[in-house]
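Both of the next two complexes hold chain A, though its partner changes from chain B to chain C.
Our next item is the complex of A and B:
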């Protein structure tokens, strides 16, 4: 099979890179081992929330410029502050074009609310989700937190505990009706996607609106976990139109409805642009020739390799097995590419889970153009993007989605420029 | 005591990180609240079943074995295989209701039906007969039965084709499957015409039985195993003694021969697995290597087709080849439908108790087909074809039939 570019990995970075290339007319294939970590998404996209020392960031571009100076190994520093700024201005329109209605300003962070009610700085948030300009600056003083009886992945009491710290009065409303009883036959599967399917039906959405009106009668606003709109895009708008007060969604624990929607929207956009998406296939090996990747072999395609001028490694980090930790090394399993890690294993992690963990910054060794290195030499046509890159702390710095988005933009541009020259 | 006997399964359930992504993509869990979903039925349940077999949940019978859970799984867990294997290991040992026996024994029923095809086809289309089958055998009266051919593909082949096939310089063996043999011999004839035009003679295996997929899904495991051994023996002889590749026209037969034999029936096939492939993939490979070129008719009348990806095609990841082959045909415009289950799953949708689930699963696909503006639907699976033709206004054809109709 011959393509212009083959992307290994179909998560946020891989799909964004594929869409950028396909928009410019490249014939692209994405090979993805399974559904991606987007299924655990919060409904928000971070760019840079904190500096490496923990200082909060309000203008991500000021932070990126600082990173360029103090953290040259950081992917943003490699891409360069100027380019990061240019890409960041393009991202919101890009995501909206792909069917993801994000809100937020490119040079100012806002705050999203986690499923546990905590405020976290972020950059772009999907429409309909609760966001504030500063922690605790809620658009209400008193709110009804609505939940579905038996739903396993949302805890109104935790949310209320956080809200009360800002003197918000919280009430609770529990919802149940016959179609929800049906899915409760499997109480262990009372999860967001199963519940959202119930509300995809018009009459259930109607019933939900009626229930919300009833339980939140004397409240200023309503909070609902993200359990609507799995197979329809208008669920939030329809529900809001039938509830007489402001309605805000909060993300749930996985599986995440906004994440599933994001995955499907990006995949649909890639396919609509002529991209080929191979789901459920594992890349087994890559064949190198004269410092270039010639072709890759996969489990499903067997003796028919994928050939391309350019390859992009977007296989992610440890969760998706883009990186594998052995007792003494961090391995990149497809090409055996060079990785960045510390040699003494005892320095990989600390015993405190929420600390800055060194292993999180481990990943692919790349050159300035994010070309993947093997035995100290950059492979000419293999680029690394996304969570598999080294030099950043996605959780602690709040930059995971941003690194995926901007590295994908950067590599797509590099590939397209190489066509011109 | 061997602790591992209670903790290790042949299928890699310990790789499951409980992310629940599989359940999001399960077509059954989406419409049937009695099915707990692949995570619960597969890796979660397996952990319990290994400790005590009576944790086996009879709701596993609702799994239609589409393997879409496996395609979705980010951790490569063989969820569908875990469920199928659990049904074999812990499920009811005697599961031979008359209905299941009839649905599962495609060879026997096909052999009995084809000589009397006109009578049988008329009979099963009559309301009173369908009513009786519904009442007596629990085969849903709303289900439209596939037509039987008057005379099998193999008898035609022996009389009309066999002699001349040996004369071709290159040879390939054809696993025709039950559909070509008993229902639609024309597809086999189309394949022969295409292969002959490229200089390949088409041979049959010396003994071919039903691949066994309906036997497995209806609980007749011993018989499935027996037939699988016969097939593997024939395939090995074709590969080792005559150096022939094996090509097929049905995506599910192909998937069963390649993957269900080792994973579900524990029959090793790695020596021949790579030699078994769908004819569309085989053709794509020959054309890409530059060895052959297809010659098409001058007249390229426009035809807009909607391609439906059968579940086992999705699992194999091979729909690309059928779609690309269709795109090579002058005048043919291909629209790729969203990859989703049509709901029939072989014999599953014939059963009265599954009929509503089956149609509910297929509903979004049927809707997309109706609004696609396509002249016809194309797919590589015969039961998907039955389901689509019964549930939409469109005809459904095999990609090779389209290809053969446009050959010069």
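Our next item is the complex of A and C:
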């Protein structure tokens, strides 16, 4: 099989890169194992929330410019502040085009609210989700926090405890009805996606609206966990139109409905642009020739290789198995590419879970154009993007989504430029 | 008088709990003080091996005899804490077969059934055993759940009038002339000091008993020997596997519930380090290297956690390995030994002999109080083991199959107290260990749960392969719901639960363990935003 570009990995980075290339007319394939980090998305996209030393960032672009100076190994520094700025301005329209209506400013972080009520700085948030300009600046003084009875992946009491710090009065509303009882018959089924399937039915969405009106009768606003709109995009709008007061969603523990929706939307956009998406396939090996990737082999296609001018490695980090840790080193399993890590395992982490852990910054060794290195030499046509890159702490710095998005934009542009020359 | 008891027991391990039960059954008014949760010392940090005594048969005949007697008693009184698996002592080519005949002879002398098996028969009985084995002896080893055992003793003690105070740390022994008359203790939850009086104080503090006695200038020469263990992600073996040789590092592999455990290493640690057990990469390497000799499939079995306990051995010589000292029970009457009345220490011994240790200590307490009641703990079944299995199944038939099986295995006949009236109560909080909302609520209401780690000990929430990925959050949610004022505490608690869990994962954090940790970081720090909480606590 012959393509212009083959992308290994169908998470946020891989799909965004594929869409950028397909938009420019490239013939692209994405090979994806399936579940990606989007399945535990918060409904927001971070760009840069904190500097490596923990200082909060209010204007991500100021932070990125600073990173260029102090952290040359950081993917943003590799890409360059000027380019980061340019890509960041394009991202909101790009996501909206893909069917992901986000709001946010390029030069100012806002705050998303977590399933535990915490305020976290972020960059873009999906419409419908509660966001504030500063911690505690809620658009209500009094709110009803609604939950489905027995749903354990969302925490009304914890949310209320945070809100009370800002003198917000919280009431709780619990909802139950027969169709939910159905999924309860299997005791491990009370999870967000299964509940959302119930509310995909018009009748149940109606009933939900009625229950919300009832439990939130004398409240200013309503908060609901993200348990609606799995297979229909209008669920929030429909529900809002039937509830006589402002309705806000909060994310839940995985599986994340906004994440699953994002995955589906990006996939649909890629396919609509003519991209070929190979779901449920695993890349087993890559064949190199003269410092280039010649072709790759996958589990499903057997001895029929994928051939392309360019390859993109978007296989993620440890969770997605783009990186594999053995007791003494970090391995990139497809190409045996060079990785950045410290050799003494005892330096990989501290004994305090919430510390900044060194292993989180381990990843692919790349050159300035994010080309993947093997035995000290950059492979000419293999680029690394997303969580598998080294030199950044996605969680501590609040930059995981941003690195995926901007590195995907950058590599797509690099590949397209190489066509021109 | 308020705060006055017949006896105060210091230490909520198996021994202390056993003493509390024994005293209560003999009508003695008992108070047990534990600085943390029950079974957090050596009781909760060992193999969970129901020793047949075979391991000690060659080197310590007396311990071996005690073991086999207690082994048979526990099968009767604590059936719901015991798994009757039997064990194999295998000889590998490098061990030779000479030791086997010495071993079998010693077992028989101690009254331990020891059946020499044909190697092929042994491999058929236990397919996980190293196929290179050249000999095997079958003995009545088994698995015992130390937490359940302790918890059952505590429940029975309470049912017979004992008072149990966890998170209450003894700070001082009150001395009047040549007598101990009570203790001053600090309640870590209420943040206040309290004074308790009794005619006899029993020091059952395990390795920490050294420090308790030292408070009144008494020296008990203990030898803190650290033993590290690894827990594997699924049950590799069905029978206990031992090496048939002189006891050494990492030569026991014990199955328990859904997992297997390999241990232990043995190294002398300074007394001031007993609260600070860190597992080194070398210990992990030894455990894996030796463990693979018992069962080669350990090489590719996922490791869940590493942890270490400190053996409360009483030093008899300067043996650095801590292995040739006697495992015998040490009962010290400080009136005779040190001229201090009203104070006794029960130490040495091991989990297997906790009941016998409690019996000895309680006999001495009775003599001091002038009470003539004989011990009944060898006959009376513990709560959870009172009713027949059939009866228990019948009473729990409303529970879905998985929850029923797990609840009965954890709580025995007490499982009937777990609410199962509706689908919400039967919903799962923890999928790996099949813990229902009903079970969590039962534990919160009846089993003195103060935090998530306590809850984990009582229900196994967060002990499965995911190590508390999402269930910790769910359980914290339930705790916060039970007492809304405590929502803040529950959140802080979640942070310490994750830290606790990470401590056991860090020594083995590669492969799937590192994957899981990365995922946990994403979920808790990023999605839930929990890191900010910790930052605040660090600043304070």
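For the reader, a short list of remarks on this structure follows.
Operating definition for what follows: the second predicted complex is superposed on the first by the 421 of 421 C-alpha atoms of A that agree within 3 Å, B and C clash if a C-alpha of one lies under 4 Å from a C-alpha of the other, contacts with A are read in each partner's own complex, and residues count from 1 in each chain.
Throughout what follows, a residue touches a chain if its C-beta (ideal position, glycine included) is under 8 Å from a C-beta of that chain, and two chains touch if they have at least 3 such contacts.
Values in this document were obtained by computation on a predicted structure and should not be read as measured data.
Of the two partner chains placed by superposition, only chain B is touched by A:300; chain C is not. By the document's definition of touching, of the two partners only chain B reaches A:281; chain C does not. Greater residue coverage of chain A by touch, when chain B is weighed against chain C, goes to C.
Contact with chain C, but none with chain B, is seen for A:158 once the two complexes are overlaid on the shared chain.
With both structures placed on the common chain, the touch criterion links A:37 to chain B and to chain C.
Contact with both chain B and chain C is seen for A:185 once the two complexes are overlaid on the shared chain.
When the two complexes are overlaid on their common chain A, residue A:177 makes contact with neither chain B nor chain C.
When the two structures are aligned on the shared chain, A:349 is found in touch with chain C, with no touch to chain B. Contacts of A:319 after superposition: both chain B and chain C are touched.
Residue overlap on chain A between the chain B contacts of one complex and the chain C contacts of the other covers 37, 40, 185, 188, 254, 319, 321. Put simply, chain A touches chain C in their complex at residues 37, 40-42, 54, 114-116, 118-120, 149-150, 152-153, 155, 157-158, 160-161, 181, 184-185, 187-188, 190, 251, 253-254, 256, 317-319, 321, 324-327, 345-346, 348-349, 351-354, 357, 359-360, 394-396, 398, 400. The touching residues of chain B, counted against chain A in their complex, run 17, 19-21, 23-25, 29-30, 33-37, 39-40, 44, 70-76, 274, 281, 284-285, 288, 314-318, 320, 336, 364. For chain A in complex with chain B, the touching residues are 1, 33-37, 39-40, 182-183, 185-186, 188-189, 191, 193-194, 197, 231, 254-255, 260, 271, 276, 278-282, 298, 300-304, 319-321. Residue ranges on chain C touching chain A, taken from their complex, read 278, 281, 400, 402-403, 423-424, 426-429, 431, 436-437, 470, 473-474, 476-478, 480-481, 484, 487-488, 490-491, 495, 498-499, 501-503, 506, 509-511, 514-515, 518-523, 525-535.
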